[in-house]
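A, B, C, D and E are the chain letters, set down in written order, and residue numbers restart from 1 in every chain.
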Amino acid sequence: MWTILANPHRFMGFSKVAIPIVIGLGVLLSGWSLYQGLWVVPPVPNQGGDIARAMFIHVPSAWLCMGLYGGLAISSFVWFIWRHELADVAARAIAPIGAGYTALCFATGAIWGEPTWGKAWRNVILYDSRLMSVLVLLFLFIGYMALRAALDTRQKGARAGAILAMVGLINLPIIKFSVDLWKESTIHQPSSVIRFGEAAAESSGIHPVFLVPLMIGFLGQVLLSSGLIMLLMRAEIFGQQADAVLARRLNEA
Amino acid sequence: MSESALIQGAALGAVRGERVLFRDISVTVQAGDLVLLRGANGSGKTTLLRQLAGLSPPQAGEIERTETHHWVGHSNGLKAHETPRTHLEHWARVWGSEASIPDILREMGLRRPSEVPSGMLSAGQKRRTALARLKLVARKLWLLDEPFNALDRDGQALLVDMIAGHRADGGAIIAALHGTAPIEATREVVL
Amino acid sequence: MTPAPLVTAFRQALSEAWASGAGILLPMGFFTGTAMLVPFTLGDEAETLSKIGPGVLWLALALASLVTLERVFQADLQDGALDLWAQEEASISLIALTKTIAHWLISGAPLILMAPVLGRLLGVPFEEMAPAMLAYGLGGLTFFLWGGVAAALAAGVARAGLLIALIAIPFFVPAIIFGTLSLSEGFDGSAILFLGASTLFALGVAPAAMGAALRLAAE
Amino acid sequence: MTPAPLVTAFRQALSEAWASGAGILLPMGFFTGTAMLVPFTLGDEAETLSKIGPGVLWLALALASLVTLERVFQADLQDGALDLWAQEEASISLIALTKTIAHWLISGAPLILMAPVLGRLLGVPFEEMAPAMLAYGLGGLTFFLWGGVAAALAAGVARAGLLIALIAIPFFVPAIIFGTLSLSEGFDGSAILFLGASTLFALGVAPAAMGAALRLAAE
Amino acid sequence: MSESALIQGAALGAVRGERVLFRDISVTVQAGDLVLLRGANGSGKTTLLRQLAGLSPPQAGEIERTETHHWVGHSNGLKAHETPRTHLEHWARVWGSEASIPDILREMGLRRPSEVPSGMLSAGQKRRTALARLKLVARKLWLLDEPFNALDRDGQALLVDMIAGHRADGGAIIAALHGTAPIEATREVVL
């Protein structure tokens, strides 16, 4: 599949068709899960009641922002080794989307925390390991974008960005570890969905009533984000082609 | 690659921005050669020279090197806190050179400013200090970018002698140069 | 590869750091100055001072690494020294590493000596001093290594101060955490070991990244 | 003297500050980042955070002024732009002032916008926000002015990062004191007035000092 | 001070470190003059020129100016983020110049790189940009430090024309120069 898309022209062809479908489907699914989450399902017990409906945005975005940084690092790696222009275009497109979802995760979480974690929350917000790891992730994204913006040519931006993304990735475990060590006791949810499979019986597991729309919403967000990324990639490629044409005109003139 | 060639660049090309600077340029240098890179401002002499030096990978073509070379670019490579003496001592250490720094300083007419930090040196004195590196260790190939810039008459004569001597010793030089060359060249590469 | 280039690069960097600014007095003054500023920012919360004192020194250390290294590689790029290094067989990564360590010795390590004094100033209990000094040493080196990566990546950028800071901040996190913990835990805790480990990790990874970034800048 | 040169210098400085990295995104990230690092340095002292939060932002502001201005005048000296300015009738002091203000606008003023968000994260009570924003504005400008003097004085020095910090820190003290006070006192206190006064003082004195220092550097 | 003199330096002197660079140098420039500063590397040409420009106070002697002047020193005064176009637009605004930037760029052979940030320009393109400032506003006196450095043949011819034209318009030039001057000088001041 990737080898097929490796060629920019094929990618343009593919994405032209794929984007509307993917985005449409994504909107549909996440829309449905939101509808379910906001109106249909009962208030989550001992999770702040109605406010806990934020979960249906919060959790998918939380998972996504981690996945997207992985994607960023991987495409950087691919570009760095095989000098695959499309990989760089992808990395460049992933960064803002990833930053967006990271911010979304943090924002929804913060809103959620307000009532749930009570008054102390103000001091708590920066005192929770998982919250902090999300913040750090946000910074890896922002730093990547800032660096690319600062370097004058695309080539340099691509290479510097790739180096940064890769170094960031190998540091991520250490950062996560240190943050967890810093506060082994997080007031935050344990990741119950992940456990859900083997420990379905456990009460801590999320009840299917929530789980199904949650998972569907997650799927929808995945589609949506990948659609947006492809959109940005197209824009980037168009931009490059336009530059090329313009420059050719200039040189002939 | 032909025997005795010190460096050989084949079908080299460079692109800057969206513009092709040069394409299909080939450079071969034998012992005793002086190859001049000619061309208008912005034609790509420095770019080509940096490719030959291995500082930037050629966007097209192949480069084969047999020797380590000396490099004197547009910028002299002096750190602000270095004096001509400390600069030469530094690179002498890096290259394990036995040469006598005081002698070199004298030959290059740098005896007097030898203790002045490069920030306060005159343009020509900086250039002379950079060129003095050529005398620290014998290397067959010299890559020089507009080496005569900022040099006074004596300085230019001095450099001409250095080049002639180097060629006589079986060395070779590739130099980017404007205006009339003060010295007979083996070949000119026009960009 | 002979060690000569590295040794010499080290010397040069040392004299560079020394020349550009009153040698070791400067960093000492800087750390003292930052430490002095803190009480003012607390208003009347004097009693919290001893709690945050050590932490502030961590921030000062981080800042020192950033402002120091910002110019180092940028200068090498501008004055053409980078071109010369890039043509040596000596791997540019190792050169960058030696330079970074040299600058840490001049601009970061002094905090180790200052720690007792400043700690007193900021009301750090005396028995915490020994681990503090070790922690500031290891942590500072880590800061300088990651700061060096950021500075090398931004070497081509005209005025990169904030950019470098922004890039480096996430990488500073582990060292800060382990460092702060090891201050409170002292030697018997595991934090100091983790700190050492993260320093070793930085020693292993950062040079390669710096090298790649500098090659890029030189092109 | 026509205002043209000043307006133009202002534009140039703006685009310079903007060009060197992602515009306003950068300082915003920087401030958030520094704020983010603080809790790590506090260990378990969660409840102290809200006490020191505002003070930390003052430090961040001070750092921003230092890392930003370090290279500004040094670059002018190296690329010869300073020579050109020094030969204008337009007083170099005013030029320096406009440049400083421009860089403050890009790298310091954003904190005014960030204050509410960051304050919230650091647990600053909401009602303190309005005075805080004003205080950060005035204080930041003061920092940049004195930082500019320090940077101008150090323009000739090779790597002046720490030196600048060292020179500037003493001048920061009044602004920090009044700033911190005015945060706790709010608008009804007199501290905010003193802060304003110290800013005006800086506006009056700093430009002349910068001008003199730059003339000296240009010689 | 003699009538019609654009600038007059009397008995100028400069000391650097413990060393007297030059003493008792007098320079007077009338309309139409081209005065060349000659001397070995480090003899003090740049120092003298900076004194005449008012950049550094003379350690001995007097300077009287009647006109504002143009300055092109060893360093070009380009900021890294500036392109040739923005650089000229910037100074045009400062000096309230009406001149058409595109025309100037074309005349100086900078049309193509006009949008390239100066950090990426070639040495000669930077020099041309700096010299282009001379065309923004008419000023009687030009102070040039080795203006021909880094220029290609066309560039040098271009500058020779500019200088000739400026003298014909009743302007005057003081220039530090090495080697044979490509243009007939009124007077030479040897340091």
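Keep this in mind: a residue touches a chain if its C-beta (ideal position, glycine included) is under 8 Å from a C-beta of that chain, and two chains touch if they have at least 3 such contacts.
It should be emphasised that the depicted structure is a prediction, and the values quoted were computed from it without experimental measurement.
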**Item:** Touch-network distance, chain B to chain C, counted in steps
**Value:** 1
**Message:** Looking at contacts between chains, which pair has the highest count of C-beta pairs?
**Reply:** C-D
**Item:** Most distant chain from chain E, judged by the mean position of its C-alpha atoms
**Value:** A
**Asked** Rounded to the nearest whole Å, what is the centre-to-centre distance of chain A and chain D, using the mean of the C-alpha atoms as each centre?
**Response** 34
**Fill in**
The distance between the C-alpha centres of chain A and chain B, rounded to whole Å, is 50
**Request:** Could you please state the distance in Å, as a whole number, between where the Cα atoms of chain B are centred and where those of chain E are centred?
**Result:** 28
**Request:** Would you mind pulling out the distance in Å between where the CA atoms of chain A average out and where those of chain C do?
**Result:** 32
**Message:** If a residue has to touch 2 or more other chains to count, which residues of chain B qualify?
**Reply:** 17, 19, 74, 79-81
**Item:** Touching two or more other chains - residues of chain A
**Value:** 136, 139, 142-143, 146, 150, 152-153, 182, 250-251
**Prompt:** Which residues belonging to chain D are in contact with no fewer than two other chains?
**Reply:** 16, 19-22, 26, 29, 33, 36, 38, 40, 75, 78, 158
**Message:** Help me check something: in the complex, which residues belonging to chain E touch chain B?
**Reply:** 16-17, 19, 39-42, 46, 74, 109, 112-113, 116, 120-125, 127-128, 146, 149-156, 178-179
**Complete:** In their shared complex, chain A is touched by residues of chain E numbered 112, 117, 119-120
**In the complex with chain B, residue positions of chain C that touch it** = 2, 4-5, 7-9, 11-12, 15-16, 19-20, 75, 78-81, 83-84, 86-90, 218-219
**Parts of chain A lying in touch with chain E, wherever the complex brings them together** = 152-153, 250-251
**Complete:** In the complex, the residues of chain D that touch chain C are 16-17, 19-22, 26-27, 29-30, 33-34, 36-38, 40-45, 48, 51-52, 54-56, 58-59, 62-64, 66-68, 70-72, 75, 78, 107, 157-166, 169-170, 172-173, 176-177, 180-181, 183-184
